[in-house]
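Shared between the two complexes below is chain A, which pairs with chain B and chain C, respectively.
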Partner chain A sequence: MSITVKAAGAGVTYVDQRAPISSLLKANLRKIFPDHWSFMLGEIALYSFLILLLTGVYLTIWFKPSMTDVIYNGSFAPLDGIPMSEAYASALNISFDVRGGLLIRQIHHWAALFFMAAMMVHMFRIFFTGAFRKPRELNWVIGGSMILIGILEGFAGYSLPDDLLSGVGVRIVAGIVEGIPVIGTYLMFFIFGGQFPGSDFIPRLYTFHVLLVPGILLAMIGIHLVLVFYHKHTQYPGAGRTNTNVVGFPLFPVYTAKAGGFFFVVFGVTTLIAAFVTINPIWAYGPYVPDQVTAGSQPDWYIGFLDGALRAFPNWESVIWGHTISWNVFLPSAVMPGLLVTVLIIYPFIEAWVTGDKREHHLLDRPRNAPTRTAIGVMAISFYGVLVINGANDIIAQAFNVSFNQLTWFTRIGVFVIPPLMFIATRRFCLGLQRRDRDLLLHGRESGQILRLPHGEFIEIHTPISDEQKAVILSKIDVPVMALPVATDANGVATPKLRAKRRRARWSRAYFGDNVARPTAQELEEAAHHAHEAHAHEVHAHGAGELADAGKDH
Partner chain B sequence: MSSDHGKTLSTAEHGDEPAFPLPAHRHRLTDTSPRAARRAERQVAGMFVLSALLIVAFIAAYVAIPTSTFVNLGVIGIVQLSNLILGATFGLSILLIGIGAIQWAKKLMSDEEVTDERHPLGSPQEDRDEALAAFQMGVTESGFVERKIVRRTLIGALALFPVPLIVLLKDMGPLPGDSLRNTIWRKGSRIVIDVTGQPVKPQDMGVGTLISASPEDLNTIQEEQGNQNERAKASIILVRMAPDEIRSQQSPKGATWDYQGILAFSKICTHVGCPIALYQKATHHLLCPCHQSTFDLADSGNVVFGPANRRMPQLPITVDSEGYLVAQGDFQEPVGPSFWERG
Partner chain C sequence: MTSTSVRRHRATGLVVLCAALVMTGVGYAAVSGTAEAAAPEASQQQVEQGRQLFLEGCATCHGLGAQGSSDGPSLIGVGAASVDFQVTTGRMPLAQPSNQAPRKVPTYTPEMVAALAAYVATLGPGPSIPSDSDLATNDANLAEGGTLFRTNCAQCHNFAGRGGALSDGKYAPNMMKATPREIYEAMLTGPQSMPNFTDATMPAEKKQAIIKYIAYLQSASDPGGLALGSYGPVTEGMFIWTAGIGILLAASVWIGAKVR
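== the complex of A and B ==
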């Protein structure tokens, strides 16, 4: 036994007699984790969160969440003598009078951007591979909620320094809250401690940003990870991989080294980017003053879709019985994102209802094998994408020399037309890939070589695909389409819940009706037999020297 | 394992037995050649050493570089030198630890894939039955079902328990009252230029000029209240047009709200409240930088484009005895974004 192991053993014994960790270690040290690049997306999100916690705590050392007016006399000369809030002054102080303070601010901000981006792309991966299916629905719900909470947290952090850019963002949010029917003004007065901007908002936001939300996120991330551990990670299909096993590397040492190392890679890359690319240079914007604004102001990217929706929405407002309802604000900024997130969060339950599937799924779907789901995903992303693009319409208008009017109409129409088109195109594309897969299985790969048979017929030589490829293609699950229920059975008894069953059968057809069936065992066998014969021909033909190149012959 | 569990995991028509076995493990160069392994070892160790050296460089930079120096990095832009060097040394140092560890795992640790079985999730049926039985026993022992009065009163008490917690939130802020309807503009309030605090005479403004302005007593009030609430509502813009360019105004019949072609409008966008100051002289259009609502100041400040629904409120102005521009009174409608009670 090496010294390391002896020392570790002594340590474990000490702890074990006070808290029985050996059983835990025994069960988990060699737990198997599958390996795939797309599994690193969630890791990036996790590590970015840890970096946010770490750098956030450093920022709290110097940041002063106060809206009290002070006169700046720190070392950034251009703002010397200017009145501003204490919050803004302290953020300037962090940037210019604390050595390395700017670096911490920059890492914090970049990590926030990566956190949101990684969560979102991670979610796409989960969606398109069907990793949200039973037993992982709860983790999908947690993940979807964390994206929403992350947006709020990011907005809160971004608003803390109280610079002109973020202050305008807060003003917009105040306007949005004010526009909520019935409770809007009360809500706004409660949030701001009175009228906008008041002097309570930044201190309140601070507690929200550094205590409340990080606490909630930490708890959610904890549950998320425990569940991942408990479920064991999903894996992609391939030779040797099934729904009931897990193939990969043990937690200790390989996964520990890779995942631990990857934390340092994420931290290192974030720090390097923070070193070279200045983000949110608050000193260039000046302090927030409610009657000033910077042109071309852009929110952080994850807010962009809301801004885009707000920009594109028609200017509807109604006054009913002396009450004003601002549809132009309420629908795009509260109802639309609310619906989007709700649909997102309940999607696994919708799909499970349509499939009627109660099995556990540990083997990931290939996106093509779930064409309707994949198409829904692409549709949702394109909807989101159109809004994000519209959020930058001022920049686009300038860069491409088009008018706001044209862009707005492009968005208003595009947001309804582009997603359905993307749905149709994606679905077709997936079905095409399914057909190709079936051909590959049954006939092998086209070798590009044409063969003339002795009796004059031309055939193209097909080479069988590898076992690995076969295993991947054969992972497809054929979900049976639910038959339309009959109104009365043979004995004339009416089918109970007929309408619900009909509805479900129709959904089932819409989801799975067009799927290309996996070849049956018999078809595969026949194909293998056929291939064998072709091979015999080939050998024969080679002898006759009649092999021609496909390109020349066609 | 109960049989019904086995099923949930394995009723898939296929995929339980691998149709094809795991491909045979292929050895890496570092598995077969001790020299390659030693080279990989040296590489990894080299990264860790470099990482440590960079920490020393970081400390040197921390001591030596002032935070006030900036350098121009061309396309990347201007960056603070201290930020650049501290970040570069620290970042690279961290990155090297990461790359070193991953390299170690990839080149030197076993890369043979291991297969583990999955077990059905969830507890076995016996456990579930026992849990239910234990719960049943607890329910019986507590008398939760039979003792209706206790149960109902408990539920009642628990339902009221959060009420104080909600009531306490009441003092988060005052109620809106009519504060959203009023600004500090009064009859005779002098209009002063925002940046300089100078009052304005009509002859100071040529046709086509735009000035951001506010009431004269704004700063005093702001100081008294300790916040910028009044500024957020009272800010205005002054524009001057040739009187024949003005197609319409918000003034009722018989009233004059402009002064010789000088018009005053709220500066707060009626969409969601951004301050506006982008003015196109030729068209008299005022463009909000936030969501591009556009208002025609020559035509009562009406909306000509964008998501805003309402025109920009006009402030009635005139001149006082000394010839300075003053307000005739407050705005005749609430400024800024719409709200439920606005009507």
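== the complex of A and C ==
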């Protein structure tokens, strides 16, 4: 260790003699980061992105973003002599005639799935621990936007090879754009440079996919990381951890080593999967031809929720002034995701408004201690989950031999019924855990040992919990429920903004009304006193040789 | 009564003809030493055997004269190809009425199937069982077969022939077990919700190209590794959310564990 530090020191000196940044580096290399496995979820997303950049560059060397018709004469016999776009032909060439091309394509695509999944799991961690609270709201907004942009980027990549599956996907998206009232048709013509499919779309998408969006994402990831650095990392509650300190290890060498190692783990796992498991077998789908389609035409999983909503939505249309408004397309595939993403992105501000909390939070919440937030999260996930499942309704129907018409109805009803049920169940579960925590603090852990007191009474011996556990439980913050404002104060002056305040008070009650209060200092002291007494009893009882073990009684 | 006697009378000629054919055949085989299968012409005996089998196993649903009943459609004019397809794939006899006749282990031997087919063929003209030359795919173009397959079949059977769901619990089956003859017959007769592709809309050469492509699908090795069932992105998504994220989470827990 001292050698590494020395080496780092030497490096710093070297740099310092050339550019006066040593103090900056020194301070930052020694910056302390807390430790927890769940803090590595974001890293998975980051490393997947790096893998995408590396493999993506390799693909650009051979990929031809052109919709010009060519006749395929490559080495994949089942498509020999078939007319197709140059884009598809070049993707086939990458797969079969470029050394390592198929592996790189598969790494690229698996990494894309990893990227999106890791971002999502990372977001769940942030959400359920309340890490998005002040001062980190902005980073939540960036993160949420990156998920949205990641979806667009993934869709663009998926569409580039111009195979049958992706062509059908593009056709659907063209339909979604057309479905936007008033401007839809113009927008569609603008994007496609004329009628679908035209010949401009793939080249445009290519610029979007390899230049514009990766650039934006790179910039956002940069800001994201700088902000993490600047805010310092949050930490889980525990003995010695407060809202104003950070307990952990220095960035260098501990985290740089761990993170570097983890990069290779992620790269290695992705490569292994890509080497053994097919993804997007474009050769099997065939080239895109507008009059062809295959059963089980699905998007990648991260777009599945959109497809699911589209598949479930009733066939509503209305004609206004001779124009058809396709609610059946517009509502599920434009309005629904728009609302979902908006609520997602502004959630920190909603919660801050309800709590009226202006403090900074560097200590994470335990999910149970914010039951309403946790329940909202589970509700949102179940809503999303139902839609994702419906996006695969035909595959599920086939695999489990059920009718997909029934599945569609299950979704139509389930999407409104399941999330509220999940909300209620999660909230109650959290409150139950809070009650248990309170018991643990006040009475300790049930030891299972029964003690008979000299006068014949039986009591169960409770052993006190560890200081670590105590600190964890005591990290709970009790947010006071806002009182309903009075219409006029004592002097008869009307309260300004009365309605807004009322609304906020109601929300506050809904959020925190049922919380199980953290024991007060006095209660804790009394409890400690009690425990002491019980302990005295125990010692006394031991002396009298009257300890009765519960196990022996049975 | 008269009709039976007429039929008997007609059949007598058939028997004579068949006997003559068989004799010539045997003679020829004896001379040349190779057994060339002549187009199977049904014998009276075979038809009669088929009728018996039909009465025992099929008439409950299809009616005594195959004219149909509330439990099964009329078989008059469906042709030998339809019977051959339905019975060799084990779809018939149907075990219980349901919205789909699933593929099963066939309950009849090939001779019995031939007899059933011969009997049903006598009821009215319909597509006959494809001959070996119909099924020859040596000259067929594989890539053209792929295009035809994607245009005509993939929308129900999926791009790799792994099947797909249709409305109301019906489905287009996985065709990995279908023989060239069954594939040809399926196209000729259009079982259940499958459209039929008559020789007028789809000439024999095109059918052969499709058969060649399906045979390729049945034997193809997957260049990309495990194909996850060839169901498209759904199984890929399931894979990433189970094995993929699972492995990386385990790795994070392992690395994140307090190894100091």
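General remarks:
We take it that the second predicted complex is superposed on the first by the 523 of 554 C-alpha atoms of A that agree within 3 Å, B and C clash if a C-alpha of one lies under 4 Å from a C-alpha of the other, contacts with A are read in each partner's own complex, and residues count from 1 in each chain.
Assume a contact is a pair of C-beta atoms (placed from the backbone, for glycine too) under 8 Å apart; a residue touches a chain by one contact, two chains touch by 3 or more.
Values in this document were obtained by computation on a predicted structure and should not be read as measured data.
Using the contact criterion defined above for the overlaid structures, shared-chain residue A:W316 touches chain B, although it does not reach chain C. Of the two partner chains placed by the overlay, neither chain B nor chain C lies in contact with A:D439.
In the overlay built on the shared chain, the residue A:F96 is in contact with chain B and with chain C.
When the two structures are aligned on the shared chain, A:T244 is found in touch with chain B, with no touch to chain C.
By the touch criterion stated above, A:R359 is placed in contact with chain B alone, chain C being left untouched. Within the superposed three-chain model, A:G194 lies in touch with chain B and out of touch with chain C [touch as defined at top]. Number of chain A residues touched is higher for B, counting chain B against chain C. In the superposition on chain A, A:T278 makes contact with both chain B and chain C.
In the superposed model, A:A174 lies in contact with chain B only, and not with chain C.
Of the two partner chains placed around the shared chain by superposition, chain C is the only one that A:H36 touches, whereas chain B remains out of contact.
Overlap of the chain B and chain C contact sets on chain A: residues 95-96, 102, 106, 258, 261-262, 265-266, 269, 273, 275-278, 289, 291-297, 393-394, 404-405. Chain C meets chain A in the complex at residues 141-143, 146-147, 150-151, 154-160, 162-165, 167-169, 171-172, 213, 216, 220, 222-228, 230-241, 243-245, 247-249, 251-253, 255-258. By the touch criterion stated above, chain A contacts chain C in their complex at residues 35-41, 43-44, 77-82, 95-96, 102, 106, 110, 113-114, 117-118, 121, 164-165, 258, 261-262, 265-266, 269, 273, 275-281, 283-286, 289, 291-301, 304, 392-395, 397-398, 401-406.
Of all residues in chain B, only 8-23, 62, 67-68, 73, 76-80, 82-88, 90-102, 104-106, 109-111, 113-118, 120-121, 169, 172-176, 179-180, 194, 212, 214, 226-229, 231-233, 235, 267, 271-278, 289-294, 303, 305-310, 336-343 touch chain A in the complex they form. Residues 30-32, 67-69, 75, 95-103, 106-107, 135, 168, 171-172, 174-176, 178-186, 188-200, 230-232, 239-250, 253-254, 257-258, 260-278, 289-297, 307, 310-317, 319, 322-326, 328-329, 358-360, 362-363, 393-394, 404-405, 408, 467-468, 470-471, 474-475, 477-478 of chain A are the ones that touch chain B when the two sit in their complex.
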